[in-house]
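Think of it as A, B, C, D and E in the order they're written, each chain with its own count starting at 1.
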Amino acid sequence: QQRVLTFTTDNNDPAPKAAWEQLVADFEAENPDVDVQMNIMDREAYKTAIRNFLTSDPPDVANWYPANRMQPFVDAGLFLDISDVYADNDLNTQLASTLPIVTQDDKQWMVPYTYYQWGMYFNRTAYEQVDAAVPATWEEFLANCEKFKAAGIDCLTTGSSQLWPIAGIFDYLNLRTNGYEFHKALTNGEVPWTDDRVRATFAEWAKVLPYTTANHAAIDWQDAVPLIVQGKAANYVMGNFAVAAFKEGGMTDETLGFLPFPTINPDVPRAEEAPTDAVFIPAGAKNVDDAKKFMAFVARADVQTKLNTALGQLPVNAGATVGDDPFLQAGFEMLSTTPGGIAQFFDRDAPAEMAKVGMEGFQEFMVRPENLDAILDRLEKARARIYK
Amino acid sequence: MTGVTLARVVKKYGDAQVIHGVDLHVGDGEFCVFVGPSGCGKSTLLRMVAGLEDTSGGSIRIGNRDVTHADPAERGVAMVFQTYALYPHMTVAENMGFGLKMTGHPKPEIDRKVAEASRILKLDDYLTRKPKALSGGQRQRVAIGRAIVRGPEVFLFDEPLSNLDAELRVEMRVEIARLHREIGATMIYVTHDQVEAMTLADKIVVLRAGRVEQVGAPLDLYDDPDNKFVAGFIGSPAMNFVAATVDGPGTVTAPGLTGHTPVSMRLPALGDVVILGLRPQHLMLAEGATHRVEMKEALGGVSYLHLSAQTGEKLVIESREVPRLQLGDRVGVSFDPAHLMAFDAKSELRLR
Amino acid sequence: MFPRPITQLSAPSQTLYKIAVPVALFLWLLPLLGVALTSVRPASDLAQGNYFGLPSALAFENYATVFRNTPMLQYMLNSFWVTIPTVIGAITLSCMTGFALAIYRFPSNLIVFFMFVAGNFVPFQILMVPVRDLTLSLGMYNTWYGLALFHIAFQTGFCTLFMRNFIKALPFELIEAARVEGVAEWRIFWFIVIPLMRPAIAALSVLVFTFIWNDFFWATVLTNSAATQPVTAGLSSLNGQWIAQWHLVSAGSILAALPPVVMFFMMQKHFIAGLTLGAVK
Amino acid sequence: MSAYWKTNQRRLAPWLFLAPGLFMFMLYVIIPIFQSVFVSFQDWDGLGEARWIGVDNYVELMDDDAFYTSLKNNVIWLALYMLAVPAGLLIAIFLNQTIAGMRLYKSLFFFPFVISQVVVGLMFSWFYAPNFGLFYNLLEWLTGTGTAVLADDRFVTYGIIVAGLWPQIAYVMILYLTGLNNVAPDQVEAARLDGAKGWRMLWYVILPQLRPATFIAVVVTVIGALRSFDLVSIMTNGGPYGTSRVLSFYMYEQALSEYGYRMGYGAAIAVVLFAIMMIFISGFIWKMWRDETER
Amino acid sequence: MTGVTLARVVKKYGDAQVIHGVDLHVGDGEFCVFVGPSGCGKSTLLRMVAGLEDTSGGSIRIGNRDVTHADPAERGVAMVFQTYALYPHMTVAENMGFGLKMTGHPKPEIDRKVAEASRILKLDDYLTRKPKALSGGQRQRVAIGRAIVRGPEVFLFDEPLSNLDAELRVEMRVEIARLHREIGATMIYVTHDQVEAMTLADKIVVLRAGRVEQVGAPLDLYDDPDNKFVAGFIGSPAMNFVAATVDGPGTVTAPGLTGHTPVSMRLPALGDVVILGLRPQHLMLAEGATHRVEMKEALGGVSYLHLSAQTGEKLVIESREVPRLQLGDRVGVSFDPAHLMAFDAKSELRLR
């Protein structure tokens, strides 16, 4: 008689889906008496569905985001305390780097399994076409933009219809202009949005707007990928998961380039953005024992190595090895040398409501920069309400 | 004994009283016809007998049973509706047998009764048809058949022929008369067709505004109405009415007629006003210039002359020939005073 | 009768009209035609920018792809699972309520009736939060029957309006005739009214079928997994995955639209009767 | 027992027939309306404890730009959706002829109504899609520059409304077609003898007779306009930056979406929407009441 | 001169021809009534004159103008419909003034004409009401008023009274007769009411299956029909018909009647069959046992006796008294041979 372990996840893109199926198969091979039933949901729908299934029909294991996004669920008692898993498997040391973001009330609630860097991906062919050098500073970047514009190429592209891709742009501009501590203060609601430092960030953003793909608000991030692939756009601020999409479109390690977001204020220590994903056990799980086994399994160094190689992302476990993909290596290199700090992401560091209002503001700013004052007033009003 | 007896029957819709204490006895096997102007309560009364309307006051007895508050099903009545009310999704046979089936009669019995009714009504060829495939007259027959099958003590008809065209109406009228002779049940029949009432009824009940005006055999009502309303209602064309003043013992003056006239009925006091009634066929043209010819209607076999008296009163004369008169001609009238009826001007009751 | 019958006009204007109608129809259905055409366009056409010309080949494999790579089949089955019980349930309940409201005179008759009517026109967003909670607490969240139960209840409002008016239009003498014959009330309902309501039932079934099949809002609120989501919600989440794969989006759309369209064509007469009976009355 | 049943059958029967339907309707529709009003006075994230906060949600609504955007869009929806009525009438008149194949034409014209709004939304997204959309190209060909309708805060609401009008016009059209079927031919003939033609015939004789159809067309259009959720959700998700939100969508967003879960606030929005709709519902009920009682 | 002249007028619906070359002249100011069985084409013909139906062949002239293909509005005709066809959303005054408004007459003129028509029709008290708030007779008057207001040369009426009850019908008939006298316009009137036709018409046109059977003054048709159809159609109750064989010069044998009978008309060859016609009021009861009493209808002023002859032929006798007979009694009949009419058995043409 096999025991059933239900696992609900939103990893429905082809590559992650395959990676997880492999992981589950490995787990089942190690634990022949457990049958893992994986229920894969649409990524966007998952974000709303999780509320419902956690209260109505919780699985044994599911995935979610740590830090701020985890908090309301823990407060509502929907997550199971897995401090014992951490203790029993020496995870406090192996996963030390992410311990703060999975810990609340001195207990651990989630097991992180991956993270990935954000940065600027670019089309080398396009750079060669206009004879531009890979920029290190914002001035160089903007200078390149002039050249791209002359050649009819969008210097920066994105697809903002789902809002979050442009939060990455904001985060980087903000990190480069004001630094990591400011980012934290801002997302924690400690700084008013009408602060001059925020305005400074937007002022930098305004500089690149003329060179940004025009209809970004009409398209999804995937729609912008072909623009890079076909050389109609040169740069794309994205997470490392996009590499799969670029390569699927026909780019190779030779034509696709990666660079850390250029420096704006040299006095600000370089900080990076690297969201972490994790799994957890719902409070209502029926098969808690096997779920904890699964947690421990996912946390294991060799498992994370294999999973992240397949995902094309970075493992969290300190003992795991990073795949030899050049972009991964570059990212790992970039993150492990970051002096400033590592941010999760705007919509994970800020409370959900603030994130939503904020990202809408970013989008409006990109389309109507002249509305900046009104936008900031609105965000400030939201801040006053949300963080009270 | 299955007559129908109504005693001080009252019907109110909310505050509006539409039947004002009707007393009536319909004898066993009698054919009773309700007539009266539209809205006088004929249908209401019939539906109260059927149990389709509650009775607000008084009592209704069928045979010896008090059915005032009984369910329609328990009254032993059958009703034929103006619209036939056939179940459109059932065949003729099913329509006729439906009531029996629902009250749990065994199939062979139902079949037997349906067969018998269909024989009486000559419906054998149509038993498997749906009502849609029948003519108006056939539908009406099925509706009657449905009533017969249940072997009720009392049949109720609400203007059953008014949806048929003139020719069929005559035919079905004959049919209903035959049916009544054949099965001899008590029947109550509502109509506003003069001819139907006169030819079918054993007893006519004339209703006005929820009250019974007169009850009697057809020709009795025609020849001997109790009041002006009945006199005017029964007979076509309607009776002529003119005002007259009592000007002596046994004489009246009717300026709209020929003036001074001896009459035979008992009159009120000298100087009082009475209303004289005279049927069109009892008026004749005569020498004179008292009346003006307003219209002439020659129908071939019979002609009607519409006259107006100097008083403005209108008279209709029926005659067998086509009078050689022009509109606007002046003529006189004559009549046999024996045909005169008189009515009290206030109460409108007949003076005899 | 209005406008002037075209047959009374001159021959050239008749011809003009006969041309104008299909042209107007073509323009009217342009988005639909575009999508239909796209749904059989090979992916290679899209890649080469052939968005409008004739497809270089008829790629029915787009449909196969949709079925093979996505839970489309499951979504469509889910839709049937929700739709069919709803149709049956709502029609059954409303036959009864419609009968009660049309046949019997009782003091609160009109009030009850208007309650159904008003409820039917309520913006259903106002029901969302409590209904979701109710469904959650009944343990029916994310099940086809949880969704179907709500639909049954909500559609009962509309169907009652419709059924009641329909029964009201039946000759009341039929009921009276049966009562005089001694038929019990529920037998009157079953043997007389139900058979006569067949056209209304047919019309309403088609109508409710399309309403429910096309429902998106409640599908989003009350279900969330591929195992239970109906095709509208499914299509919406597939749309999130099929970025830039318009041939697949189109094929999926056509598939989702197909059952109500087929239904409409099969039951066209009832359908239109239904709309007008239910609405114009 | 059976005696009691026999005598009271007609009094009890309606309630027995009503019971199941009424129960369901109460449970799922009537009671939730009141619950929603109740929830709108609370602060509740759907997970933890609800907190009674009185009218705070409404006070916040008063000062919420997104709410006003939604309200404004709802008004635009309402106003423009009304175009479905004359448009449907025109098409109905255009099609109210008998030529070969007319039945088929009519049903094809009716097609959009049967199709799910989700599908309609996808179709129009494709229609509007920048770079390759049919409409985008048409515009580019006409004016030289294409416009991404769904990404432009000036046009996005109108773009969605057009998509919504498509099935709505079809719906109104069928209502009018059946209405035209019932136009009294004798009145048309009388008017023809009276010398009424064309527009004047339409205005003075036909339209008054189509009043019931017009009434119901207006009612369903109003309801359709106020309920509009599917298209917004499918086509733009309220974007760009919330400019195409309508109340029904905003309510959903606040109550159940990824960044929301403010049940009380969402309920408050729904209550406002309900109040607006109630104006129309009352009108409808009032007319029905008149019709019912004057019989 | 505004008579109406139809010349070889033909109407086809697709392949079905419903009017077969009708020639007809209605004189200026004449009141012409179309009668005929249902479906014979009365309405169609009228509507062709109005311009509401195209004319498939032949020509229609009103006065001196050929209007065969003219627009209804341009023909100078006004029509009163059976259903009244009032605009329900307009008041009485608006209804009546609508036609003038459409043809662009100034408001004061419209008001004046409406006021005049309303005076003629006694509608002054109702001018601001909607049709819904009027009785049937009032509605009909408004419909006529609408026609009058436009001052047409020709009035067309299509069974204008058939939706009224018996009493009102009589009243409105008188009204229409008065109207015709008063305004003297040409009128064409369709009806299937005998009495209306006989009393209103200057000229009756009897139609059958799209053909004119006979045209003439009412009493001419009654007294001197051209064929069996007209003889049977005009007069109520209808003429009795029995078969007879020519058995000598100037004599026939009618077994359904009294047997051997001398007649005065020219007969076909010996042994040929003719049909004899005799109106109910010309038949009398007599000694004998040749006929069986089938039904007795006493209406008060007049009674009808339905007899059946041994041949199975049915006869109706009209009598002034109520005959003292039972159903099933056997009686004889008699008549004055001068009243007999005879018709050819094949062609049904009158033998004179």
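We take it that contacts are C-beta pairs under 8 Å (C-beta built on N, C-alpha and C of every residue); 3 or more make two chains touch, one makes a residue touch a chain.
Not measured: the values here are computed from a predicted model.
Engineer: To reach subunit E from subunit A by way of touching chains, what is the minimum number of steps?
Structural biologist: When the steps are counted carefully, the minimum from subunit A to subunit E is 2.
Engineer: Skim through the chains and flag the pair connected by the most C-beta pairs in contact.
Structural biologist: Chains joined by the most C-beta contact pairs: C-D.
Engineer: How many angstrom between the C-alpha centroids of subunit D and subunit A?
Structural biologist: Here subunit A and subunit D have centroids separated by 39 Å.
Engineer: Centroid of subunit B to centroid of subunit C, CA atoms only: how many Å?
Structural biologist: The computed centroid separation for subunit B versus subunit C comes out at 54 Å.
Engineer: Could you work out how far the Cα centre of subunit C sits from that of subunit D, in whole Å?
Structural biologist: Chain centroid spacing, subunit C to subunit D, equals 15 Å.
Engineer: Give the residues of subunit B that touch two or more other chains, as numbers and ranges in rising order.
Structural biologist: Answer for subunit B, listing residues that touch two or more other chains: 71.
Engineer: Can you list the subunit A residues in contact with two or more other chains?
Structural biologist: Counting only residues that touch two or more other chains, subunit A contributes 44, 48, 55.
Engineer: Pull out every residue in subunit C that's touching 2 or more other chains.
Structural biologist: Touching at least two other chains: 132, 184, 233.
Engineer: Write out the stretch or stretches of subunit A touching subunit C in their complex.
Structural biologist: 8, 12-13, 39-46, 48-49, 52-53, 55-57, 220, 222-223, 226
Engineer: Which positions of subunit E touch subunit D when the two form their complex?
Structural biologist: 47, 50-52, 72-73, 77-79, 81-83, 85-89, 98-99, 102-103, 146, 150
Engineer: Can you name the residues of subunit D that touch subunit A in the complex?
Structural biologist: Against subunit A, the touching part of subunit D is residues 45-48, 60, 63, 65, 129-131, 148, 150-153, 236-237, 239-242, 256-262.
Engineer: Under the definition above, what is the set of subunit C residues touching subunit A in their complex?
Structural biologist: Against subunit A, the touching part of subunit C is residues 132, 136, 139, 141-142, 224-227, 233, 237-238, 240-241, 243-244.
Engineer: Quick one: in the complex, what on subunit C touches subunit D?
Structural biologist: 1-3, 5-7, 14, 17-18, 21-22, 24-25, 28-32, 34-35, 38, 49, 51-52, 93-94, 96-97, 99-101, 103-104, 106, 109-110, 112, 114-119, 121-132, 134, 149-150, 152-154, 156-157, 160, 184-186, 189, 210, 213-214, 216-217, 220-221, 231-233, 235-236, 239, 246, 249-250, 253, 256-257, 260-261, 263-265, 268, 272, 275-276, 279-280
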